[in-house]
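What follows is a set of structures for review.
Here subunit A shows up in two complexes: once beside subunit B, once beside subunit C.
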Partner chain A sequence: MTLRRLLSRYTGFSGMAAKEFLAYNIWFWMNLFTSAVAMTIFVFFWKAIYAQADQIAGLGFQQTLNYVLLAQVIAGVGESGILWTFGYQLREGRIALELLRPLDFQGMLYAFSVGNWLTGLLSRTPLLLLALLYGLQPPADPLAYACFAVSFFLGASVMFFFEWMLGCFAFYTTEVWGLGVTLFAIQLFFSGTLIPLDMMPEGLRLFAQILPFHQIVYTPVSFLAGITPVSQAPQVFLGQVAWIVGLAVASRWVFSRAVRAVTVQGG
Partner chain B sequence: MSQNQPAIEVSHLRKVFHIPQRDPGLGGAVKALFRPRYAEKVAVDDISFSVPPGEIVGYIGVNGAGKSTTIKMLTGILAPTAGLVRVLGRDPHKERVANARQIGVVFGQRTQLWWDLALVESLNLIARIYEVEPKRYKELLEQFSYTLELGELLAKPVRQMSLGQKMRAELAATLIHEPRVVYLDEPTIGLDVVVKEKIRAFIKEQNRAKGTTVVLTTHDLGDIEELCSRVIIIDAGRVIYDGPLATIRERFGKYRGITFETARPLEHPLTLPPGAEVVGQEERRLELRFDRTRASASQVAAAVMGQLEVLDFSLSEPDLTSIVKQIYGGALSEARPV
Partner chain C sequence: MARYASLYGLFLLQRFKVLLEYRLNFLIGASSTVFVQAAGIATLWVVMRQVPSLNGWSFDELLLVYGLLTASRSIEHMFADNLWTIGRQYIRSGGFDRFLVRPIDPLFHLLADRFNHDGIGNFVIGTLLVVSAWASLGIPLLPLYVLYAVLAVLSGGAIFIALNLLTATTAFWIVESVPVTRAVHEMHEFAKYPLSMYHKGIQAALTWLIPYGFASFYPASYLLGRDVGWLVWAGPAVALVLLLVAYRFWLFGLRHYSGTGS
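Let's look at the complex of A and B:
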């Protein structure tokens, strides 16, 4: 089987993600509306803060504004929702049917997530326009955009495997609500969606950098906001790839244990 | 695969579940946290059978008999506790993905289709996953559209479909990659007679044209009569009958029940047409059974009405549950071809 044919069997799932997204148009508009409101609040919040100071943690107003606007544009896009997917499939007994597809289960869901990320990014275009109205100054260097794109997909992949491991708990508990809500709160804070990591106290910042969450918001956005220079890109990417390799191996091992709980004990 | 190799081979298959036990109340829940106890439930107990390619076999039994557990082991999503399963020469659990390419499964209560998308999107995806040649896919889609009357369903999201439409869609999705072995777990559950007929015709056609091997579980004797020449009946995890349907039909299928509600209790013995007999009697209720080949319902009803004042009466077909009960009670032991 050629690689292209093999890939084509999986990318069908990416397309399904886009189609499924478009099936819910009310959800799309609601999401856009709440995101626009959140962005507006953030702009006024940071304007009020910078009325008192010229620089915070080495960041000037325009840099912070750029960061906050871009973080709001992509907030949530890099999440995979694997935890909820597992919870749903196990509760409904659907996992059996998914395991019956002649594909690698993780590969199938990864392809689906890639589709979700692409659709998510495209669907945020109106928010990007709003951010420009609020004074976003995008960088001139095309390399910054490339670094953003690469680190976003690598970061989203890191989170995909990370959440996959957490999701495996669902095989034993069949309940993911508590874990899901906790994960959401932690992710919101430690991803840097609310404030750039640079503004956290030293200890907290280090802790945030150990956790993987910052890779879906802080890491990519900081390239565009001019916080992380493009020259540091190779180092950043390398770190992300190391995360992916480690988590991919670990998540497959954990999953093979978890799936045994279902296939041996019955779902 | 050689010609005489069975499509499905099961020998001494056994499945034991460990079910967590806990005492009622909070105390019990806390105790179970520290010292979990398990009870063993034997769902499948030493089952053996083999199915040659191209056969449609009915796999029947009452609820909880172990049907679905067997099917899950045959598909590979459940690992056997002991025993051997081979589907087209493979161990379905160890070679789950390779096995999945050759089989199709319908679980009557669940769907593999995408809930929010038009049916044709799901079919396109499935064709892509299984690498159905585009030309062949087009042909099959046309054929299926005709026999399953998919026409306008193709553009309809699955969530908007009725139960019957969903099942037709499901069957199309399961058979579009032309699997060699198909498991149908209650494919006609909850459907009306017209849809049932369509689905049976479709299964028969696929089997005849492509030699598809089919394992069918159902509570509907009509499905069995229409499709299967052979039935395997299981009860409490064991095979209690494996043989031709004709034997069962001869024994049980020819009888019909008729129940009368009478104005007064029966005082003297009834004179009945040949082939009819009383099987149950309460104060003002009378249950009869008659051989359809020897007497008609109207003859029996007329005979009873001539001797008693009848307020109401009803006719019944013997259902699977009662047949299984009778077989389990040993009624068929002498006819058992095993």
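Let's look at the complex of A and C:
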């Protein structure tokens, strides 16, 4: 089989993500609205906070505002929802069908996630406009945007493989709801969706940087907000690639073990 | 009234029997909301370490606001969660028709059908926040204050339920009402912080239009001796009016209900 044909089989799944997204219009607007509410609250919140201090953890008001607005724009986009996918497929017994396809199961879901990230980013354009209205000052340096794009893509990939490993719990517990909600809360805090990691006390900040969650929000956004200088990009990317390689290998191994447990579930 | 009270007891008993069949899920569900609240509180803590106050409110005072709102929300979460799923679970499937042929009020039946244990976590967190903020702020433990706080949480809960009832009633026309409910419900996020930090328009909206302010900001202001005028006493009245309006709208929607044919 030619590489091109092989690739097109996977990109078909990426395209499916876009179609699925378009099918749920009212949900899209609702999500946009809730993000707009969060953004509005943050703007007033940080204005009130910076009425008390010129700088917090070395960040001025404009820098923090840039960060918080951008974090809100892309919040959630880099998640793959693998845990929920596994939970759903196990519950419905669909996983058996999925595993029968003549495609790599992980590759298939990865392609689907890539499509999700792209449509996700595009769909946030209205939020970006709102952020600009709220005083977001985007950087002038085109390199900052490139660094954002690369580190977002790499970071989302890191989280894909990380979630894949966690998702394997579903094969044993069959119930993912509690784990999913817990993961959501941990991610909300440690990804830097709510605050730039710089503001956390030393120990907590280190802990947050050991965890992979910051890779889908803090790492890419801090390039755009001028917190991480572009000159550090090679170092950041290298670290992300190392994460991906390590987690990709580990996740495949964990999955190959966990999938043996699936037989007890059935359909 | 007494009949409905004892009926609700029976519904609740059945529900707990079901829940205790799946003990682990019960525990996970009941504690899941704790994690989400913890993320919000941890963020507040991180930021408030850096500055003395937010718009003149200390960290403990903010926790009181946050706690009152969370406790109010938990009332709706525990006792009226079915309003979220009426379209998906009952109307689309035709299951709602079952309520219409029974000799009890359909709204009562809908609400009593499922007590949601997930709200217990919110209730515990909210209560703990209020109690600990109360203690560290040195608010005197007078019967009047305690009674006021309990009434404030109950009115707050009623406001949450009334707003969800208003929006859930749209399910009679559009079936899937969750996006509508969610959009209005989301406005409660504003009330997690003192309303005084917002633009006047937002303050007015959270007081007169979508009055979540009565679930947190106004009662907290009263307990802390902050002068925000007579509005600190308006909570129960606002809750009552809103419940009546919502119930009228529900009855109106019910008359227009024709089923999905499924």
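To be clear about the criterion, the second predicted complex is superposed on the first by the 262 of 267 C-alpha atoms of A that agree within 3 Å, B and C clash if a C-alpha of one lies under 4 Å from a C-alpha of the other, contacts with A are read in each partner's own complex, and residues count from 1 in each chain.
Methods note: contacts are C-beta pairs under 8 Å (C-beta built on N, C-alpha and C of every residue); 3 or more make two chains touch, one makes a residue touch a chain.
The structure presented is a predicted model; accordingly, all values stated were derived computationally and were not measured.
Look at A:I49: by the touch rule set out above, it reaches subunit C but stays clear of subunit B. In the superposition on chain A, contact of A:D104 is made with subunit B only, not with subunit C. Once the two complexes are laid over each other on the shared chain, residue contacts for A:A38 go to subunit C alone; subunit B is not touched.
In the superposition on chain A, contact is made by A:A96 with subunit B only, not with subunit C. Touched residues of subunit A were counted for both subunit B and subunit C, and C has more of them.
In the overlay built on the shared chain, the residue A:T182 is in contact with subunit C alone; subunit B does not reach it. In the superposition on chain A, contact is made by A:S8 with subunit B only, not with subunit C. On the side of subunit A, the complex with subunit B involves touching residues 5, 8-9, 12-13, 15-16, 19-20, 23-24, 92-94, 96-97, 99-104, 260, 263-267. Those residues of subunit C lying in contact with subunit A across their complex are 24-25, 28-29, 31-33, 35-36, 38-40, 42-43, 46-47, 49-55, 176, 179, 182-183, 186-187, 189-190, 192-193, 197-199, 202.
Residues 17-18, 43, 69, 72, 75-79, 93, 96-98, 100-101, 103, 105, 107, 110-112, 114, 116-117, 121, 124-125, 128-131, 157 of subunit B are the ones touching subunit A in the complex. Across the complex, subunit A meets subunit C through its residues 26-27, 29-30, 33-34, 37-38, 40-41, 44-45, 47-49, 51-53, 56-57, 175, 177-178, 181-182, 184-186, 188-189, 194-195, 199-201, 204.
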